[in-house]
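Each structure below appears as structure tokens.
In the two assemblies presented below, subunit A is common to both, partnered first by subunit B and then by subunit C.
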Partner chain A sequence: MPKRFDQARPFLTLALVVLGWLLVPVAVKLFTRASFFELQAPLTVAASYARDLQDYWTLRLHSNSELIEAGRDLARLNASYEEAVQQNLSLQAEIARLEELLKLPAYAHYRSEHARVVRRDFSGWWQQLVIRKGRNFGIPVGAPVIFAGGVVGRVSEVYAYTAVVELISDPSVRLAAVVEGENQPISFQGGVNTSFDAPKGVIEFVPLNVYASPTMPKRLVTSGLGGVFPPGLNLGTIIKVEPSLDGLYKSGEVQLDPRLSALTEVTVLVPLNEQ
Partner chain B sequence: MATNDTNLADRSGSLVESHKSYQPRVIFFYFVVFGLLAILAGGLAYQQLFNTERHRENERMQNQRRILVPGPRGNIYDRYGRMLVGNRPRFAVVLYLDELRSEFINEARVIRRNYAEAGDKDLPTRDQFNQIARVSVVQRYLDQVNQILHRSVKVDGTDLRKHFARQLLLPYTLIDDLEPAEYAKLVEGLPVRSPLQVYASSTRYYPYGSSLAHTLGYVGVETEITAEDFPGEDLKTFKMKGTIGRDGLEKVFDTRLQGEAGGSIFRVSPAGYKINPPLEKRLPVQGKNLTTSIDIDLQRTAEDAIEKIAGDDMIGSAVALDVKTGEVLVMASKPDYDLTRFTPRPSHDTIADIEARKAWANRAISSAYPPGSTFKILTSIAAMRCGAIQPDEPIVDCEGRLHKFNRDFVCYNGKGHHGEVLLPDAIADSCDIFFYEAGWRTSANRTPEVLAAEARRFHLDRKTGIELPHETGRMLIPDAAYKEKVRGEKWYPGDTANMAIGQGDVLVTPLEMACFVASVARNETYTRPTLLHRDDAPVQHTELIGLTPKQREALLAGMEGCVTHGTAAKTLALPEFQIPGIRFGGKTGTAQIPGSKNVAWFITFAPIDNPQIAVAVAIEGDTPNEEYGGGRYAAPIAALILKRYFEKRDHPPAFVAPAQSE
Partner chain C sequence: MRRTLVTFLTLLVLWVLVAQVNHLLGPAQVFLFAGGLFVTYAALMLPLRDGLAAVLMAGLLCDATEPVRLGTHLLLFAAAHAVVFNIRDRLPREETVARVIVALLVNLALFLALSFVLVGRGPSPGDIWPRLILDLVCSQLFLALVAPWFFALQLRTLVLTRVERDPLA
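Showing the complex of A and B:
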């Protein structure tokens, strides 16, 4: 009997722990989860700094000539970006003037907060990033996150020094989009994406007059009507639309930017009125 | 002590039952009990083995529910494939109540506890607790929506109670007909996995607003939708509201436009909530499309012209037909109503406004007017066919007044007298005296039989059979028998004179006159109008009128003279009504409705040498006894339609293939 009890002890212990966990109040569970994440965060952040250091030493292995050449390339890029920034400024001024002239409503303004990606978490159930900025930089839950290729996703959880971003390839992310050149909002939702697949999303309630195919794709951009994302940000490319059986709408498939799964830097748009 | 025990035993001998190991009488009851158990077991076995189907059916009836969803209606297009009526998405935010079962139960428990803690003695009943809990939970979800949309909508408790009682399996609509921006906000604001969802249904979409309103018609709510070949007809069924055509093409072609209903069958819990996934599911299918013969460009031209020339809210109509096929190109009726105000349903104010403006009626088919002088074309044909007049014979000297049959007959057209006119000029100048005389000459025995027979030959005495509801049957070609029967009076020569100029009891609709002039254009007697377009529509061929070439030439010369130097010439000479390079013929008319208003008429076809389009316009004056002439008020409208038609003929629009073939 004692021997048998000894054999069963691990299972009994597990059962007791599970039972105990079930009986713990929800508030304690939430606190524990948050604490766990906060405790884990420094490790994740430290790991990302270690990676940065690793990259640094990798770069140190390059010859001076290579570094000088890279520096020149960078200088050229900087120069072109400087020019682009100047053009953007003048275009923004022109847009502001036209908005004032046409009495258009001004869109919500955002502050850009650039953040480094410290962890990517892709699976069939969720597609998330952890970024190296959190409450310490005033990042709120729900803030849109973008990169050079368009929309990354939106902030779903914020911690002291980190934040979790749900990617637009995550099935639980849904937003109002428009086909470029159209004005009727349609529903975009992340698709069921497995770890190594090219990310994709699905669209619903597409007007019947929208046609798209892999050879004649259409660009899908944010509508700006939902109040979360500013308008005109790239979401992906519509490669397929099919009419629904009831003939009311079409639904389709959107190919997302493959760089979503390899991002190292993103920009969080912090709404100014949130602050 | 032992003694006491013995005494007790003695005393209890009558009370305590003592058993033998074997009791024959009990054996009997064993059999009885065994027999009863056997019956029970047999009954159970019978029910299980032989009544299986019945119980399965009962279980099915008790545990399964069917939901029917109507299919979207088919679209209606014009002859060039432009959508006249379609479906537009209609978004609503709905709450799936079956996902809230535990919340309702918990809420009811909390409310009950609160009442108990408050020591309230006047406790609600169990049903009332449940209702309070439901309203409370639903309001909590509605507040989420309110927060996103910046609204302050409250739950309607009565409506919610009805929904629970009758439509528990259907989602409960919190806010209907969302604006696109609201829809977008909810798409982004609501969690993907939530009992709150944006629900899309369809409602009719009218891209041209009030254009062609009477012809297209509108739809109403239909609750009795059916799904053919979908199983579970005997199950308790919940039906989403569908639509049914109430007027116009929507009504006549309702069966064709109706979509095929879809449906699903769910197993339900004892409380009536559905259990996913469905046991059966079929998606609804859109109804068949309808391609009409209407040219929406011409239609809008006609409607704009009526408003511009006759005035806002004037009563009138214009019909244009393809001469060869009888296809209706234009069917304008004013005043009209804005079909966009019928979705999702017309308000009381909308209906009151339509009634106040008398805008319900499709004047092209429901208003029967005296045709006035446009009838002189028919009088001419009848008189020539029976040999009463010849094209080159001046049958009368019009001095503006003619004394005959002991009374004066007045020529109402022209300030002076027309003199001795021949038929072409009599038509062009619309000389009443000429046609009084022509009428009398056709009736040797002073009855109008020849005129009436000719009118009947052109089918002016009956409905056209157009594919629309509410075509009036009040059109009338009178004769002596009719007058005797209805009024008990004899037919007098004055009646013949009146009939010869389209007055008296003669009544026709604008559509009939359009068919009449199309028939004259083809030199035939009957044109069957249709609102359906076919690319390979056959050319209509009916009985020939039977005029000699000389007679027909005179008739057409008169009609062309009407627009070049006759009663319509003055107005049509204005630059905006000129149609370069096109010769056309017409006839004006000004009909008096006794004791009421005048009706301005104009019938025409073009080109005169190769007829393609025929038009009839009838506009009611708004002031009794006002001089409301066809040349001034009706002819310009027809001219604008013709002008647009020939502009389009030279630059036809590209055909847009409908989204779904018929």
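Showing the complex of A and C:
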């Protein structure tokens, strides 16, 4: 074999790989993607179960008096939650009665599906989570995901027993939001997530009459427009707004919940009409 | 075929390990990228076809688990493999230090290439670079620490599965 050809062999092979990849049908590529994801899924899930077991043995080290104290606190919390559940039921009945009376379209209804986080993947390029529930629990693509502090993101991919959640701090995520108590829609986008700091987002097309600063922050909530997220869910706190270059609107910065980076459990809102 | 599968298995172990470290570093918003390790040993030590096949499978694994266009890692890894394979005869590739240096350089090149491909996704591409540079520094430190262990793991796995001969025997 001539020496020149031998030297070019890796690059000729590379050219063949590129050409081959361009010619592969999309269906084959999608199948390959799903296959490789499912290949690593058992390992990731097993690691998450191992972490849970580790936590369990760590908790076993607590003394009985600590457990009794925790049980007492939990009982108090349960009592207040039971009261809240009763109030919630009567409010739901009231809403249903008013909807019927005024012939209003009903709000979308959701089923809550709680899921453990098996993998956090927070780079400067993307922000995503993998959760331990997928098609086996009827999780659909696009379902909103929430936690105690508000919106986590939306389900972007669903596999056999895991699902990928795109966080609201992901730079490519966009959604419609409103300032709490107002009704003018604002465009929210995931922002630059600096290290050792809480995740951030940016807002655009903010009306000129909205003011916010670190000393006078405003709460940003979902608008309900677009049909993915129910209205009124917490997104974050607007800490800065300034006029945009065109002078027609303002743009600003949103501080997201710092707990978003350390989530261990989330809730997927599965739309009931999906089923 | 066996050499490809065994090498891919070691790369799968590396992927799991890096994913777990990134999971733990998530609350600090620090991300480790070890693309250089997926390519280096296969490009320096294995025959072209076997090494490239293992690297392509590792690229597909990374593509499947990250929100990038399918083929991004695959093509970047393939390009890095071609470059390293082409110059490997001019490198002291039997020495661990040389392999680690190659891994660091490949990792740097892949990280920058991936950054230029993905940086446009955000609202202000210019502001993201300090975060990316910190991630890069952490990744290089991590890679320098684990690379000797990982190259030894790859070699021992190939020896244990009787794909390669033990160089110490």
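In the analysis below, the second predicted complex is superposed on the first by the 237 of 275 C-alpha atoms of A that agree within 3 Å, B and C clash if a C-alpha of one lies under 4 Å from a C-alpha of the other, contacts with A are read in each partner's own complex, and residues count from 1 in each chain.
The definition used in the following text is that a contact is a pair of C-beta atoms (placed from the backbone, for glycine too) under 8 Å apart; a residue touches a chain by one contact, two chains touch by 3 or more.
Keep in mind it's a predicted model, so treat the numbers as computed, not measured.
If you count the residues of subunit A touched by subunit B and by subunit C, you find the higher number for C.
With both structures placed on the common chain, the touch criterion links A:Trp126 to subunit C but leaves subunit B unconnected.
In the superposition on chain A, A:Gly226 makes contact with subunit B only, while subunit C stays out of contact range.
Contact with subunit B, but none with subunit C, is seen for A:Tyr249 once the two complexes are overlaid on the shared chain. Contact with subunit C, but none with subunit B, is seen for A:Phe36 once the two complexes are overlaid on the shared chain.
Of the two partner chains placed by superposition, subunit B and subunit C are both touched by A:Gln189. By the touch criterion defined above, A:Pro199 lies against subunit C but remains apart from subunit B after alignment on the C-alpha atoms of chain A. In the superposition on chain A, A:Thr237 makes contact with neither subunit B nor subunit C. In the overlay built on the shared chain, the residue A:Thr162 is in contact with neither subunit B nor subunit C.
Residues 171-172, 189 of subunit A lie in contact with subunit B in one complex and with subunit C in the other. Remark: subunit C residues 12, 15-16, 19-20, 22-23, 26-31, 33, 48, 52, 56-57, 60-61, 63-68, 70-71, 74-75, 78-79, 81-83, 85-86, 114-115, 118-119, 121-124, 127-128, 130-132, 134-135 touch subunit A in the complex. Against subunit C, the residues of subunit A that register as touching in their complex are 7, 9-11, 13-14, 17-18, 21, 29-30, 32-37, 39-40, 43-44, 47, 119-126, 128, 156, 164, 166, 170-172, 189-197, 199, 202, 261-262.
Residue ranges on subunit B touching subunit A, taken from their complex, read 71-72, 87, 89, 180-181, 183-185, 187-193, 198, 200, 202, 259, 262, 283-286, 659-660. On the side of subunit A, the complex with subunit B involves touching residues 171-176, 183-185, 187, 189, 205, 208, 223, 225-229, 243-249.
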